[in-house]
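One chain, subunit A, appears in both complexes that follow, with subunit B as partner in the first and subunit C in the second.
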Partner chain A sequence: MAEIGLDAITKSYNATVAVDDVSLRVGDGEFFVLLGPTGAGKTTTLRTIAGLEMPERGRVTIGGEDVTRAAPAERDVAFVFQQFSLYPHYTVYDNLAFPLRAPARRMAEAEIDRRVRKVAEQLHITPKLGNQATRLSGGEMQRVSIGRALVREPAVYLMDEPLSSLDAKLREGLRVELKHLQVDLGATILYVTHDQVEALTLADRIGVLHEGRLLQVDTPRQIYNDPDDAVVAYQLGAPAINFLPADALGLDTPGVASGAVRPEDVTLIAADAPADGSVPAVDATVTQVERLGPEDVAVFDWHGHTLRALLTPGQAISRGDVVALRFEPDKIMLFDARGRRVRRGADRNTAAGHGAGPMSQRADTGVRNAG
Partner chain B sequence: MTQVSLKAPAIRRLGGGTGPRQRVRGLSDRALAFYFVLPSLLLLLAINIFPLAWNIYLSFTNYRANMPGFPVRWVGDLNYARLLGSEDVWAAMQHTAHFVGWAMLIQVILGFGLAWLLNRKFKGAGLFITLIALPMMLSKAVVGTFWTYIFQPQSGIFNYIVNFFADVGEFTMLGNADLAPWALILVDTWMWTPFIMLIVLAGLRSVPQDLYEAAEVDGASSWRQFWTITVPMVLPFLMLAVLFRSIECFKLFDMVAELTSGGPGSATELANIFLKRQAFETWRTGYAAAFAVILFVTTFGAANIYVKFWTKVKER
Partner chain C sequence: MGSAQAHSIVEPGRLSKRVAVVLVALYALFAVVPMAWIVMTSFKTTEDAIAYPPKVVFDPTLEGYVHLFTNRSRQTEEYMQDLPPAEHWWQEIVREDNMVITGPSRFADRYLNSLVIGFGATFLSVFFGALAAYAFSRFKVPLRDDLMFFILSTRMFPPVAIAIPVFLMYRELGLNDTHLGMIILYTAVNLSLSVWILKGFMDEIPREYEEAAMVDGYTRLQAFVKVVLPQAKAGIAAAAIFCLIFSWNEYNFAILLTSGNAQTAPPFIPLIIGVGGQDWPAVGAAATLFILPAVIFTVLLRKYLLAGITFGAVRR
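Let's look at the complex of A and B:
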């Protein structure tokens, strides 16, 4: 296993800057997740590391060695492609065995067989080993594609949305399995996803990519609780964080354009209970209640702004109710006009100690993904 | 036109298929379909099926087209028995096999190679492909005629070029029993290699590039990528091209008629040339008809077996 280094990588296609000055270090044995919406440049970043794209500027290192100009085969990376890219004329077995049969590896057929069967077992595709690669469901193809990477012992694993075609149950199972495997092998994995649940559950560290730029790199907890950027705050957490213009929140700090509150930090005060004068509260109308299973989410309309709040199990509200909402002032994150975070003196401390409850719950709930 | 108000049931009826079959002015969908197909069916019957049947009938007779008054006698399988026992027929078949085999082999190799070279993006690739494809668009008789000039021993450019590289002196390509078959193969290759090239090029372009990327990351050499990705993906295309081409080669006539007319002697007497000589030079119409039936069955049978095989390859 080895570490990956990206130094100021820039890659553009004609007018599109797909990856814009990205620098990144993935430690040896680290599970690093690149999170970003579609078109953020995630695939391009992975392809650059694999050697399938040549960056215009910057340097790629693997295991400390400069591989910017090296051919893909020389880099010793395993790549799980977003579009699977299975060899259509081979069976599942031969697809899995393909990388091991590379002449450079000179592996005995018995050893190949052992590895292929082990990986097939791990990914629950043993009954499909004899199938033609084209005669599989999307989820099965995706698992074969993951398997083709796992049979190898490369310097690093690059995985491009490897769980995206699986159903929720299988995805949850494989997520756990993948994490186990990574810990067992001490593997370096650079994993790309647009799914914040995957990012939060799998990652040792998360990097949020947006329009080719790397906005923030941090641990899951830190990046959730203390985002540097409005986009980062928005990318993590489902239901998504509530953004409100500064004047609506009555904030008059210079340079602050908006404030954001996580749904779990919005407190509902019963409509008939007298508002506690010491804490500012607003009256909002319930427009919808989304039942997610473990918790419900209420959607409110407040002067034309849409707000979401988590409901605790006991709270029974329904459409049309007018409810008083309270935002804890110290839980409101402030952002400037360009979306960068504006910090108050105490922000770092409060953020670090907060939110363990909803955080861990979120991490275990695949259903949440819907947001 | 039948008058229908556009209400839901009417629309369903017009849509066909799904709803219950209803009669629109006494015509069911099936009958309507039949009447639409009928004209082309009749045409096919008149110009394809009838001549075929007539030909099969003639093959069992001693009919001679140049003697209309001659009494036509049913001779049973006599024509067939004679054909299968005739050395000339076997020679013609051998010439055909030699021609088809070598022409296909050379054209596949060259066509694949050209397609391989043209399958990368470079400026003017489109123009290049058009230029290479030009011979294919000429008439076969015209090609035959001008290649006779090219092959002329004294003034032809072919002799000049060969002598430029190897000092062999004057030779007659078309007049030499050893060289003439190769002249046919050469001309056919010149004309039809582009056809194979175009189809293989389409095949090469249909291979998803990400397969090569996956193979590259997996450490496969270019050679292995070629055999595990390119060949299986292009094979169905190539096989289709070979099918079309070999049927064409098998029934080749006009080009040979212009170039050698089967000569010298019978060195280039392909099956179709032999057939024409029997039918319109010796006027043994019944005998020629029997040979035509044999050729038809052979081509048809071989093509069918090949297509079955092709379907298997394609479905892999």
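Let's look at the complex of A and C:
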């Protein structure tokens, strides 16, 4: 296993800047998740590390060695592609053995057989080893794709949305298995997804990528609780965070354009409960109640703004009700007109001392206004 | 959605199936009769071949084939009676017509030339075509579209239009009437077709296949051989069939550029008609043997063609 380093990588296709000045360090044995919406440049970043794309600027290192100009075969990475890339003309067994049979590897057939069977066992596809690769369900194909990376024991694993085309149940199962495997192997994994649940559950650290730029790198907890950027705040959490214009919230701090509050930080109080004065409360109309099972989500309309709140079990409200909503002032995150976080003096403590990503540096030197 | 799709579009109805079967059978008959007639003629005697009304039932004989492969001379009855008994069945056949075999004809040579030149040119066309098509499909080739058009344009004028320059050039280079010369020429003509067919197929093969192989430790060439070529099987089969049919049938260049040494079967077959009256069974035999390799080749490659047609339905 080894660490991955990206130094100021830029890659564009014609007019599109797919990856824009991205610097990143994935530690040895770390499970790092790159999270971003479609078109953010996630695949391009992985392809650059694998050597399938040549960056215009910047440096790629694997295990401390500069591999920016090295051929893909020389980099000792395993890549799980976003689309299935099983060879239809081979059986599952031969697909799994394919990486090991590379002429440069000169591995004995007995050793190949041992590894293929071990990985098939780990991924529960042993009964399918004799199948033609096209005669598999989507979930089995995805397992074989992952298996083809696992047989290798490479320096690093690159996984491009490996679970994306599965149904929710299977995805959950494979997610748990994958995390187990990573811990067992002590593997360095750079994993790409647009699914925030995958990111939060799998990652040691998350990097949020948006329009080619890396906005923030942090632990799942930090990045959720203390986002540096409105986009980051919006990417994480379901239901999504509520954004409101500053004036609607009665915020008059200079430089603050909007405030955001997570649905779980919105408290419902009965409409006729006496306001205690310390906390602002607003009247909002319930437009919809989404029953998710353990927790229900209520959607409100408040002067034309849409708000979401988590309901505690047993809170009986229905469409058309008018209720009072309360936001704790210190739970409201402030952002400037460009979407950057504006921190109050007291927020400094929580912002300090986490990850060494470039974004945390920016946050430290960024705009800060006393609230 | 609409009522137009009320019945399955995958499974045709029984009536339309029957109509289709009848139509196909009629067409097959229409297409097969001339071929069958040629094959039948090759097994007739000269008299049966020109009998009127045409004979459908006849005593088959190998006379046509014997004539095709031999040179014969007619002798007097007395000469024939003095001959020792025939050693081989083919001697027997010609003696019935008061003839003796004077030696093998040149047909076997010509046929062999056709095989060497036809399959040689086909192999080279597909080999170079696959490499060029892969490069055009995967790499940033400067002026790619113009180059592709240029390659196609070499096919646009009739080959005879360049016959004289090619003839003069070949004379200078000593390639006239050589196997190598004919293979090079047919490869050059076929290459455009082969590049275009194969590029279409290679464009359909996801890059991820080779990229996965390259990340897994294969060089690009190894990935090409291990992954791309097997995926392009259908295209290779299609290109090979077209190339073989062209070089197998080619007549104009063959008659212009070859004579003694590298002559192929097409310019030779018409010569048979003139030898000793109109020997239709021999012509039929030549035509039958000539059709055979192309038919066998196409039938052998057919399963890859069909595999290619279903390729798009495979989830990837």
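In this text, the second predicted complex is superposed on the first by the 346 of 371 C-alpha atoms of A that agree within 3 Å, B and C clash if a C-alpha of one lies under 4 Å from a C-alpha of the other, contacts with A are read in each partner's own complex, and residues count from 1 in each chain.
Everything below uses one rule, namely that a contact is a pair of C-beta atoms (placed from the backbone, for glycine too) under 8 Å apart; a residue touches a chain by one contact, two chains touch by 3 or more.
For clarity, every value in this text was computed on a predicted model and none was experimentally measured.
Subunit B and subunit C, once both complexes are superposed via subunit A, clash. Once the two complexes are laid over each other on the shared chain, residue contacts for A:312 go to neither subunit B nor subunit C. Of the two partner chains placed around the shared chain by superposition, subunit B and subunit C are both touched by A:71.
Legend: residue contacts after superposition of the two complexes on their common chain; A:52 is shown touching both subunit B and subunit C.
Within the superposed three-chain model, A:81 lies in touch with subunit B and with subunit C [touch as defined at top]. Of the two partner chains placed by superposition, A:253 touches none, neither subunit B nor subunit C. In the superposition on chain A, A:102 makes contact with both subunit B and subunit C. Residues 50-52, 71-73, 77-79, 81, 83, 85-89, 98-99, 102-105, 148, 152 of subunit A lie in contact with subunit B in one complex and with subunit C in the other. Touching subunit A in their complex are the following residues of subunit B: 208, 210-211, 213-221, 224, 228-229, 232-233, 316.
Residues 50-52, 71-73, 75, 77-79, 81, 83-89, 98-99, 102-105, 134, 138, 141, 148, 152 of subunit A are the ones touching subunit C in the complex.
By the touch criterion given at the top, residues 206, 208-209, 211-219, 222, 226-227, 230-231, 314-316 of subunit C touch subunit A in their complex.
Subunit A makes touch with subunit B in their complex at residues 50-52, 71-73, 77-79, 81, 83, 85-90, 98-99, 102-105, 132, 148, 152.
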